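Both complexes below contain chain A, partnered by chain B and then by chain C.
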Partner chain A sequence: MTLTLTRAGRRAAHGAPPARWRGKKVQGWLYAAPTAVIVGVLFVVPLVLVVWMSLNRWPLLGPARFNAPDNYARIADNPLFLDAVLFTLKYTAITTVLLSSVALGLALLVQERRPGVGFFRTAFFLPGAVGFAAAALLFYGMLNNDFGPIDPMLRALGITHEPVKWIGTPNMALFSTIALVLWRFAGFNMLILLTGLQAIPVEVYEAARSDGAGRWQIFTRITLPLLRPTLALMLILSVTGSLLAFDQFFIFTNGGPDNSTVSMVMVAYRDAFFRFDLGGAAALSVVLLVGLVGLNTLMMRRLR
Partner chain B sequence: MRRRLAGIAILGLLALTSAACGSGGGEAGSSAEPAAGPATITMWTRAATQAQSERLVKAYNSSHKNQVKLTVIPTDNYQPRIAAAAGAKQLPDVFAADVIFVPNYTAQGLFLDITDRINALPFKDKLAPSHMKLGTMDGRQYTLPHTLDLSVWFWNKDLYQKAGLDPEKGPKTLKEFAQQATTIQDKLGKDGKDGRVHGTFFGGNCGGCYVFTFWPSVWAAGGQVMNPEGTTSLNDRAPMTDVFKIWRELYDKKVTGPTAKEEQGPTWTGFFPKGEIGVMPMPSTTLGLMPKDMKIGVTPIAGPDGGESTFVGGDSIGISSTTKNADAAWDFLSWTMSEDAQVEVMAKNKDVLARTDLAGNKYSAEDPRVVLINSLVAKGQTPFAPRFGQTFNDPQGPWLRLAREAIFGDASKLPQLNAEITKSLQQ
Partner chain C sequence: MTRHLTLSALAVLFLFPLVWSGWASLEDPSDYLEMARFGEGLGTYATNSVLVSAMTVAGTLVVSALGGYAFARFDFPGKNLLFLATLAILMVPYATILIPLYVLLGFIGLQNSLVGLSLVFVMFQLPFALFMMRNAFEAIPRELEEAALVDGCGTFRAFSRILLHAVRPALVTVGLFAFLASWNDFFAPLILLNDGSSFTLPVAVVSMTQRTFGAIDYGMLQAGVMVMAVPCLVLFIVLQRHYVRGFMSGALRG
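Our next item is the complex of A and B:
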């Protein structure tokens, strides 16, 4: 505010029409105010609260007691969380590679305007319209060995003879979940990449073709480099989403079998709502937040 | 662009972390100010005991000026919802809770002290003893029994007849149970849709299912699963290990059906009513929900060589400590304990009664199975442990790992995993 007044004063000293400028400024503040309020109430306040909670023993009811840094010190003794960190990183790596590849493949398939391409674009994007929790429940039902339709279909076709334990072993549970995530998000990521692909000027492709470049050369020398900013956005969304994975494991695998699919957010959730250790859960969230901000900063530097 | 990306990343992260750890939650907060006229109180219950709660609320609302607004919450989400609502001071006026969670809730200060109100009830000494014990802390009382759900063995008389077993004789020991289940599997395993008839079934990936269905066999054999204070686990020794061994053999011989290992809990009681299971442990509250034409035998859960016991589960109900409608809430709670509610609502629908003095009534006498279940209330147990939920019910808790190793994995890990249970109980 001091800065604003000083500038306004300077303008007045130079004889500029201050009233109109001031009006514009107020207008600008008014435009920004709703967003600022939303960000403040929904993001800044909860963030400060979570950090404060992480420094206290925070019961469900009753006064909190400052106990820093106990909540953070206890993280090292939590084997479930340490396992969850490794599992979440593994899940993030596999999901990001597969999701980017499938989304890019789909985007390239439906890139050009051809008859019927609209149908495929819609079909690929449609799973993105299903809520994620609903999608996880849908997969749980579809792949359920007792009442799901997939098993009987596979057996009727002679592909399998025994029920397939879709979430019965750690690896099957992981890959079934990744299949769910691909089904749900590939279309959405395809859409992001499609906007990037369509922003590449046609003239660049024409020039390359007239210079004798083949399909592969055009893809590696033109499409990929010019798609880089869009790819970066997609990667960051995918990595962030995967590191914060919760719904798919909470609903679809319930962290099982034998705690093999417990994500980091699930551990924080368990600490808060099953163990009623709100301070400990807040500390885990803050650690997760710091790690994620660090990782994203690193990625943005590399992908710039 | 870079800033925007960073913004998107951070906003996404905040949205999710605050969703996971924030204090969002209950939409039905403690409702109105104390009112001179008719009051409306809010009540929460879990889906597992929805039918009983709905019947009670309906009967109360139709006969009283005060009204109860009931919200039913999925069983798996109930504990997190209560925690979130408590953190936000938005608990309903009254809420029912799985009786085994009550000591923890009481310790967290979620329930109002109702000792004096309970003492004024003429039948206070006749209330279900196990529920009352778990609702008492430092001599003060916080809850009343709401529903009683006992684990018993159900057997399908039609399948028994088809398999050449005596349809009128259920198992008297866990070993007999295993033999009869095996006979059903051997004789009828190929019957039904896709060979879906199986000897027995259990929730193999569900901690709560294990305690509800396996522990009574331990008690029937004269054993214990924890010390009385609920701070030391005794699950790595006989008779628990004998019980595990029998169930492990049933699974190894494929008597339990192929999906028992993956069963997480929501559907574990769904197979028996379809006529696909010979004999299995079931919750007594499901007896009234079975198909009318199905011939079902009910017998107490036994130990490996005999005895009988049951897990006295179900819900207790209390007034939340944040309510502003304590009098109206108590009016409803005390009415649910009345003879009118217990006999004309609960007993009429084959439910176990919360008052022992009303166990023999005009409805229970019509069905000897209900008489049997009522008689088990005195023989059964409700285990006490302040850290019960996070140890035994939580899918990430240490008990589920122990039970699964005992049945499907490496049983030699039991002592080490039992030590982890004790550690969790003492946290």
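Our next item is the complex of A and C:
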């Protein structure tokens, strides 16, 4: 109490506003300078550069030459890219639906604080602490016909009789990749949904129950509508992540078999570092950026 | 009862791959010895990973603590613009920005450099880190530093002596996120590093699967997976509380 009084007294004596640092613009800038340098040099400049590169013939080595709009025109003629767009959209749709459903199921199962629930939450989330590259390599070994445990187990149970081509056919490669993504990301999305579920006041549930609402009614009439903002966030994260998928296809399927699992980002990567065409890759990146920003804006409008 | 059975079955499903990988890597301990000699040697790759993670964590902490303080306590021209530009990093696809970054780092002599890679990681961490730190500083009562300022401390002394202690939980969260991201990332080092001796663990271990001669040694591969995963699993379990709290306050501003 005395402290507050003294300080108030001093403040009155100086006649200065309490925040004497607020006027010090230069000091504020000094503290913010490292942020400004990092964001300016490593984000704003590359963003401008990628647009400039997309307007130039830009080989990996050697001088660049202005050639707009060749890089963009070539995108339409690139059959690999058109296939990649279709494949990436298909992958995004399947992954998003499955991931949201699994995550919602898990979140509902571990929603209530009961003894032991903490263990299950950790168990479901733990794969999320493993890096995605490590997770892809783990599945690469686990699904190997000779080394992995899955094939022998399926055979012992009599479910299969021959080695399963986990990444040997286009459909199986997609299936296995989605299994990997579900394993790695379901817990993470569960955590997002749990925060949303916990924000729903208990009173709302109690009121519904005393009005005689059943479990299913509570779920569809209360939980889902009130969870909408969180579900929207999860959908946006999942769609964005899936459209930009790279690691899983690069490491796990290597785009195969027969280029059936080449994602859009992978085409840009191959353009840049296998075909040494940085300009073409930049044009693809700009298209990707514009598409993604547009899509996210649209989703935020529709879902909110 | 059904609930518990479902939960247990699911837990087995989620934990099985981790348990299997650990077991497969230990089945023949010589896999670890063999992996230690792979390529430039495990020691080189692990050292690179540790260096990159340490520089990323340190850089992210310094930049975001100073920046968070600036955004919480000062008014300066361009403040909102800088904050929006930082948050815009979240909107831009990783892949879009890495190819020009590769060219740009070449211009400033940081291509194929662990320092360059760490700076890029710091940039990617900034939206989350700056947001967390700004909120943490804003939550501190102004009286705490006013007292110090009135007693003749400069703002920097108030910041370093008093405020940094008060935001320690946020610093731990930001540091943990920066570590997990830089330790595990595959795409950025794949593009920005092109010399085998500067590879980080994810790039080096993935290259084991792309050997042109001979069969892939799966036991060795799982040993590599464990070397990458175990530090993260341990850190996550120890700091779980920070992770979940930071996640809710930072990643989920909605």
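One rule holds in what follows: the second predicted complex is superposed on the first by the 263 of 304 C-alpha atoms of A that agree within 3 Å, B and C clash if a C-alpha of one lies under 4 Å from a C-alpha of the other, contacts with A are read in each partner's own complex, and residues count from 1 in each chain.
Methods note: contacts are C-beta pairs under 8 Å (C-beta built on N, C-alpha and C of every residue); 3 or more make two chains touch, one makes a residue touch a chain.
All figures in this text were calculated on a predicted structure; none of them were measured in a lab.
Contacts of A:296 after superposition on the shared chain: both chain B and chain C are touched. In the superposition on chain A, A:66 makes contact with neither chain B nor chain C. By the touch criterion defined above, A:183 reaches chain C but does not reach chain B. In the superposition on chain A, A:269 contacts both chain B and chain C. By the document's definition of touching, of the two partners only chain C reaches A:27; chain B does not. When the shared chain is aligned, chain B comes close enough to touch A:241, but chain C does not.
Of the two partner chains, chain B and chain C are each touched by A:229. Contact comparison for chain A: of chain B and chain C, C touches the greater number of residues.
Chain A uses residues 42-43, 46-47, 49-50, 53, 144, 147, 229, 233, 244, 246, 254, 265, 268-269, 272-273, 278, 281-282, 285, 288-289, 292-293, 296 to touch chain B in one structure and chain C in the other.
Interface of chain A with chain C (complex): residues 3-4, 7, 10, 18-36, 38-47, 49-50, 53, 58, 106, 109-110, 119-120, 122-124, 126-127, 129-134, 137-142, 144, 147-149, 183, 186-187, 191-192, 195, 229-230, 233, 244, 246-247, 250-251, 254, 265, 268-269, 272-273, 278, 281-282, 285-286, 288-289, 292-293, 296.
By the touch criterion given at the top, residues 1-2, 5-6, 8-18, 20-22, 79-80, 83-84, 86-87, 89, 104, 108-110, 194, 205, 258-259, 261-262, 264, 267, 270-271, 321-322, 389-390, 394-397, 401, 404, 427 of chain B touch chain A in their complex. Against chain B, in their complex, chain A makes its touches with residues 42-43, 46-47, 49-50, 53, 59-62, 80, 144-147, 152, 162-163, 165, 167-168, 229, 232-233, 236-237, 240-241, 244, 246, 254-259, 262, 265-270, 272-276, 278, 281-282, 284-285, 288-289, 292-293, 296-297, 300, 304. By the touch criterion given at the top, residues 3, 6-7, 10-11, 14-15, 17-18, 20-21, 24, 62-64, 66-67, 69-71, 73-79, 82, 85-86, 88-89, 91-97, 99-104, 119-120, 122-123, 126, 130, 142-143, 146-147, 149-150, 155, 159, 180, 183-187, 190-191, 202, 205-206, 209-210, 218-219, 221-222, 224-225, 228-229, 232-233, 235-237, 240, 244, 247-248, 251-252, 254 of chain C touch chain A in their complex.
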